[in-house]
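Have a look at these structures, which come just after this line.
Same chain, two partners: subunit A is paired with subunit B first, then with subunit C.
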Partner chain A sequence: MTLLKRGLSRRRVLQTGMAGIIGTGVAPLMFTKGAWAQEFCNNPTGDTVTLGLNLPLTGAYAEEGADEQKAYELAIKHLNGEGDGGLLNLLQPSALKGNGILGKKVAFVTSDSQTKADVARAGATRMVERDGAIMITGGSSSGEAVAVQGLCQEMGVIFMAGLTHSNDTTGKDKKRYGFRHFFNAYQSGVALGPVLGQEYGKDRKAYHLTADYTWGWTQEESMKNATEALGWETVAAVRTPLGAGDFSQFLTPVLNSGADVLILNHYGNDMVNSLTQAVQFGMRDREVNGKQFQIVVPLFSELMAKGAGPNIKGIFGTSNWHWNLQDAGTQAFTKSFGAAYGAPPSQAAHTCYVQTLLYADACERAGTFYPPEVIKALEGHEFDGMGNGPTLYRAADHQCMKNVLVVRGTENPTSEYDVLEVVQEVSRDAVDYDPAIFGGDLGPAEPAPIC
Partner chain B sequence: MLAMPRKDLILFLGFAAAVLAMPIWLQPFGAAYPDLLNRFAIFAIFAVGFNILFGLTGYLSFGHAAFFGVGSYAAVWSFKLLSMDAVPALLFAVIISGLFALAIGFLSLRRSGIYFSILTLAFAQMSYNLAYSVFTPITNGETGLQLSLNDKRYLDRMFFEAGAGLPSPTLFGVTLSGYVAFYFCAFFLIATFFIAQRVTGSPFGMMLKGIKSNQTRMNYTGVNTRPYTLAAFVISGMYAGLAGALLAITDPLAGAERMQWTASGEVVLMTILGGAGTLVGPVIGAWLIKYFENIFSAINDGILSQFWGFLPEGAQHTAVLISSKFVGEGWFLTLGLVFVLIVVFLPGGVMEGVRRIASMIRPNKPTPASADSSATKPHPAE
Partner chain C sequence: MFEAIFLQFLNGLDKGSAYALIALGLTLVFGTLGVVNFAHGALFMLGAFCAVLFRQLMTMETITIDPTKLSPWGAPLEVRAPLVQAWFGDFGAVLVNYSVPFSIILTIPVMLLVGIAFERGIIKHFYKRPHAEQILVTFGLAIVAQEIIKSIFGPNPIPQPMPEAARGAADIGIWLGMQANVITYPIWRLVYFLFAGVIIGGVFAFLQFTTFGMVVRAGMADRETVGLLGINIDRRFTIMFGLASVVAGLAGVMYTPLLPPNYHMGMDFLVLSFVVVVVGGMGSLPGAVAAGFLLGILQSFASMTQVKAIVPGIDQVIIYLVAVIILLVRPRGLMGRRGVMEA
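And now, the complex of A and B:
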């Protein structure tokens, strides 16, 4: 006790205490604040960089969400140099080194967006504010994509859209911080139109059933334009609520409308339900106006085709990508995804995987995570080897310009995954369009907002 | 107005301190980030308002999300047409949702009990469907109403030119984001809590409690109860509108799903979980549910395997497999279990648990709380 009393006066305790506090905890914060000031949102200062995955794990597009998550986990493994490297070796040109992004190991956080715009925004905000995500990616609905993209623009975080097909995402609602690899409804219409004309003739009456949100609206418009240019007549276009489950009340009027083509502007579970019910109504066996009744599903995916089973046989649609393509990129990705999860990837998985790699590559080329520089690296970037042929990230609207696939439900499937066959690969030039037709404004990149 | 009973004053000051210190004491729970704190404050306002109707009069409305949604839409339209300032948005939202509540309440309050609940549910679902499809030009349907670069903003344009990019909501020029937005919401939570406290203690509040315990008797004594219930309905509708507007201020987007019946059910859950009829209960219920929704739903297998890391390999795998069903997208399951447990063992909600613990600590002191609890005992069957 005496020793303590002699050695430690009140002043001395305070002095050493303060010195200790300043030395260990506070000083580094105070001194580094100037040198390492966070000049942009979530500047990664440690040895990891966090990506925020916003995925619809419940709701109408849950199946796509689950597949997207697998693709992201695979992409992050490959970026960190684990696994077989996948498309890392095939991206042309590539600055990726397989040691994370800019030497930092890639980590991720997830959030269930429930296929709802509101929830998606809340999830994205959480991942940015709490978990320090440097980039947000994912989503399987254009409603979500448009909502989250707006949020990311406000927070100064780059958004790499997952599956979103609405024209608005890179049209009227385009944002400087939002990027889309997936194709859009307009391109679907342009690619699908000629094939439909060839198969079903110039004199048809079409009836649209449309999912009632941004994607459905633009897809309906694009399909109307494409089919009316062929000489088809649009009998009616009816909007159906997202996630309706039962479409019989919308299908009954089709039978008496005099239409001989039903165009289903539905996706995910909605499309599986509406198509199955349409087939149960006997629509595909009917003859109207002396012609065989036909159903068209402008946007197709393997997951939906599997869900709809034999009902999908012979039905035309479009896809962003298909695992059965024969180029090296597609084969490498299908192999590496199949090895990890035992099933071929869907187009949603593909677009998400590619988006992750493209973001990482852009950071490497820019040499920084600073969003305005990354945006510059992505804008107007021409690349190849990702399974879609030569692709351009267009600077004017952040839309990837690449080939579009016209697909059809396989008539005689050889395996449970052989559900779609590629009818035609429509070239990038044929689906090119002027970005100005949809209006919209990207907004500024700088000053980068600080979340 | 300042002549509050000492107990009320302590409750109010304690509540205010707890709310303002939320960024500190929520840190260990991983919930101290502005967006979730905003939600805590906003949904607490919503629940406190709901409790004025349900807790005091016993009228169980299953359609309060409609007012919440209307508040959001009104606020976003104020941003689009008038100004990015929060004050006109709040005023506009509270007035519109109040009028909306007046109309719906006027019709629904002709019935009581289950019929009233069904009527409000029907009106809310009608509003939801209108917002979802019929009124698409006003609500932008499923996509949700958002700000755009070519909005008019007449009031703002009178004073200054539009800047580059999308503007954010402001309060007299101060941008409302991050912790500024939280303290803005927290101010409203404390203010509305104060109002609710005053309403509960006022003669008007006594009338409402009277209606809850026996409306027929009230009628026989010559009191016309309908104006009182209508007033309570409109007040709680305005609370919901205020909460909806605050949500639109912290995140300028309004979607139709805010008006869905699940959102209405959520506020009922919040109130019952926390303790209907109490002041603090609904707030605690709102925080619990939002915590579950935002934190539990974000736990994935990776975090779980870290959590169970101390177990041997095989046991860790099993533990992760079992617990993963209760977190992530399975958070509803956990919430459901908690709700069942609370309703079975603590019918008065979390607050009843608090009271029981308090009476255990002070067993010999007959607290007025025990008398209170029998008066405000909720009726889960309603």
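And now, the complex of A and C:
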């Protein structure tokens, strides 16, 4: 009645309207800052958060897959405050507390990708849709990585790639939701080229055998660029099917090609088989063009070296990381992994372990699991203590920029694990490149797709 | 160019040896029992794993802890000592070095028993069923065998080293009066080819020159008449199934240094071997062997850089292409018998 008696003044209307606007619109936004109201895929609501491990437990890269699984389980233990903490205490800077991620206990689900892109994609879909995975990680082939990364972009789920070395993963196929810690084929070529020139001279004829999928193609291209820049001639580049097993039909043409270097752009069991069979064909005992015939394996791993046995001795390649580096991070991880599993970790295990920690740390720093905020926390993030020296997660392509190792098969091993020796640690600056050279488009982070 | 062609010819003989050995076993089973045995690739794989098992037994170790030394991860060092060498001294070292050829001793009885168990346990119940059902049940048997091996030995290939003496390459060029290093070829692949020749020759001699073989051949031609003569032909055919298993197993054993065995290696060979059998002519033993070598050599030549430059990817399809052409021209295959697998 009072209101009617006094009438509605203009000031009163404005005051009431402003109060209403503030009360119903702005204030809730203030209180829910950082909550994003469940509007993203698999927002964890209980007291656990689930990670999806997409592992090649069978197929050409199964050895790597088994080691990756061990590394993930160790990383998750450490994140949950169990075990010796591993690299949790050495990551710099770090927001990790050893109480899970954002106070939620970390759980995991797994899927066997069979080292096949389509199976990897199906497994990732299942883990996101059925098991509620907030993040997908793993893989040992770039075919898998590119396929799963594309899927994760569509589903709004972050993908922390395992072992993938193709230029395409953070090049033409890069995605906003995909991140790679591992180095790439381009960096292998840049790091390895000068060492090959120094060891084998400038006048060489190279024959490439190349795994016929994205990684092999970019590895071959990168090695061709690096060796042709030295003055080497490329005699032939022959594609071989992934998982071929018997490479004899591809190796015999090498013998009469006039080539004096065989570059095996193979990985995993393919590399073990092709290298072993090349040695059986007597290639390492041959002299061609007045020079000792040489074999080069641009991407090496400890597991492959162990599988190939004495055939690997003296052969050059590159590696993302190696357990016998002397920095504190490497030593801590090797100790932790060795104590748990009775063998030193492979580079595949290392990259997967680090990726898990980096994702967890990014969530902690972002204060949320909301993927666009986690992406922001990872992009341009500079860190150290993980065994690779100071490392940058480059914002432009989501490629980690760090040192690259040139390695060689150990001539006189002191133990069954002493299979590779680090010849040179090529600095991060030396393997830096303009991300634009490989094209691609990261795409948007927002609006975050709802799976 | 001659060197390249000659090397591919050798490669073809090597591949053909494996195809011929597997196809020979398949044809033995089909020719005697009339069964299309899709588990035959699994028998090849089981033979390879006999070699793996033998080597694992030969390389068993005792593990002692040396507290004075540390592993790279700071734990007390495990010192491993080979058990067989401790027991048998130098002979133990020979057993380890020659584990692949020695594993034949284990493979023959194991594969014979496996073959007889397959035949008596399952396959005999499907003799009078349609071929489609035989294929289904033997295919299922192959998958069961694969999964058992996978659960015991794991999913990853297990490399089997060849004996020291057979490592490296033989200089065949010198044998042919050429300069050194012009034509070299891995010794073990030559060994495999010779081994295949001995096995194939042995099987043919067994069928040709023994009374048992004569009865089996008679049974293959007319089972009912042989039965009417009072001969237990079923028992002989069971033994032939065991023999076919042994042939497949031995092919697998000797192949292990060339391709590390894994649980699905049999499937990789099975499809090709069936093509070989069909091209050779269902039920024809000489046809299977001839087609095995023919297709191996053709596949090898198709993988030459010069050939692939003209027809890219031809090495992947050549076998199937040739199979289609032969079946169009000669529907019974190269040496197929009238009435076999014909309505």
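As a working rule, the second predicted complex is superposed on the first by the 414 of 451 C-alpha atoms of A that agree within 3 Å, B and C clash if a C-alpha of one lies under 4 Å from a C-alpha of the other, contacts with A are read in each partner's own complex, and residues count from 1 in each chain.
As a working rule, a contact is a pair of C-beta atoms (placed from the backbone, for glycine too) under 8 Å apart; a residue touches a chain by one contact, two chains touch by 3 or more.
Please read these numbers as outputs of a predicted model, since none were measured by experiment.
When the two structures are aligned on the shared chain, A:N324 is found in touch with subunit C, with no touch to subunit B. Of the two partner chains placed around the shared chain by superposition, subunit C is the only one that A:N273 touches, whereas subunit B remains out of contact.
Contact with subunit B, but none with subunit C, is seen for A:A117 once the two complexes are overlaid on the shared chain.
Of the two partner chains, both subunit B and subunit C are touched by A:P241. Once the two complexes are overlaid on the shared chain, A:T334 sits against subunit C while remaining clear of subunit B.
In the superposition on chain A, A:D441 makes contact with subunit B only, while subunit C stays out of contact range.
In the superposition on chain A, contact is made by A:G282 with subunit C only, not with subunit B.
In the superposition on chain A, A:G307 makes contact with subunit C only, not with subunit B.
In the superposition on chain A, contact is made by A:L57 with both subunit B and subunit C. For the contact definition in use here, the residues of subunit A common to its subunit B contact set and its subunit C contact set are 57-58, 241.
Taken together, the subunit B residues at the contact with subunit A in this complex read 30, 33-36, 39, 132-133, 136, 141-144, 146-149, 164-166, 168, 177-178, 251, 253, 255, 257-258, 294, 297-298, 300, 328-329. Residue ranges of subunit A in contact with subunit C, taken from their complex: 57-58, 62-63, 66, 236, 238, 241, 245-246, 248-250, 252-253, 255-257, 269, 272-273, 276-277, 279-282, 285-287, 307, 309, 323-324, 334-339, 342, 344, 415, 417.
Subunit A makes touch with subunit B in their complex at residues 57-58, 109-112, 116-119, 121-123, 125-126, 129-130, 142-143, 146-147, 150-151, 153-154, 168, 173, 212-214, 239, 241-242, 441, 443-444, 451.
By the touch criterion stated above, subunit C contacts subunit A in their complex at residues 3-4, 7-8, 10-11, 14-15, 71-75, 155-157, 159, 161, 167-169, 181, 184-186, 188-189, 258-260, 265, 268, 299-300, 303-305, 308, 315-316.
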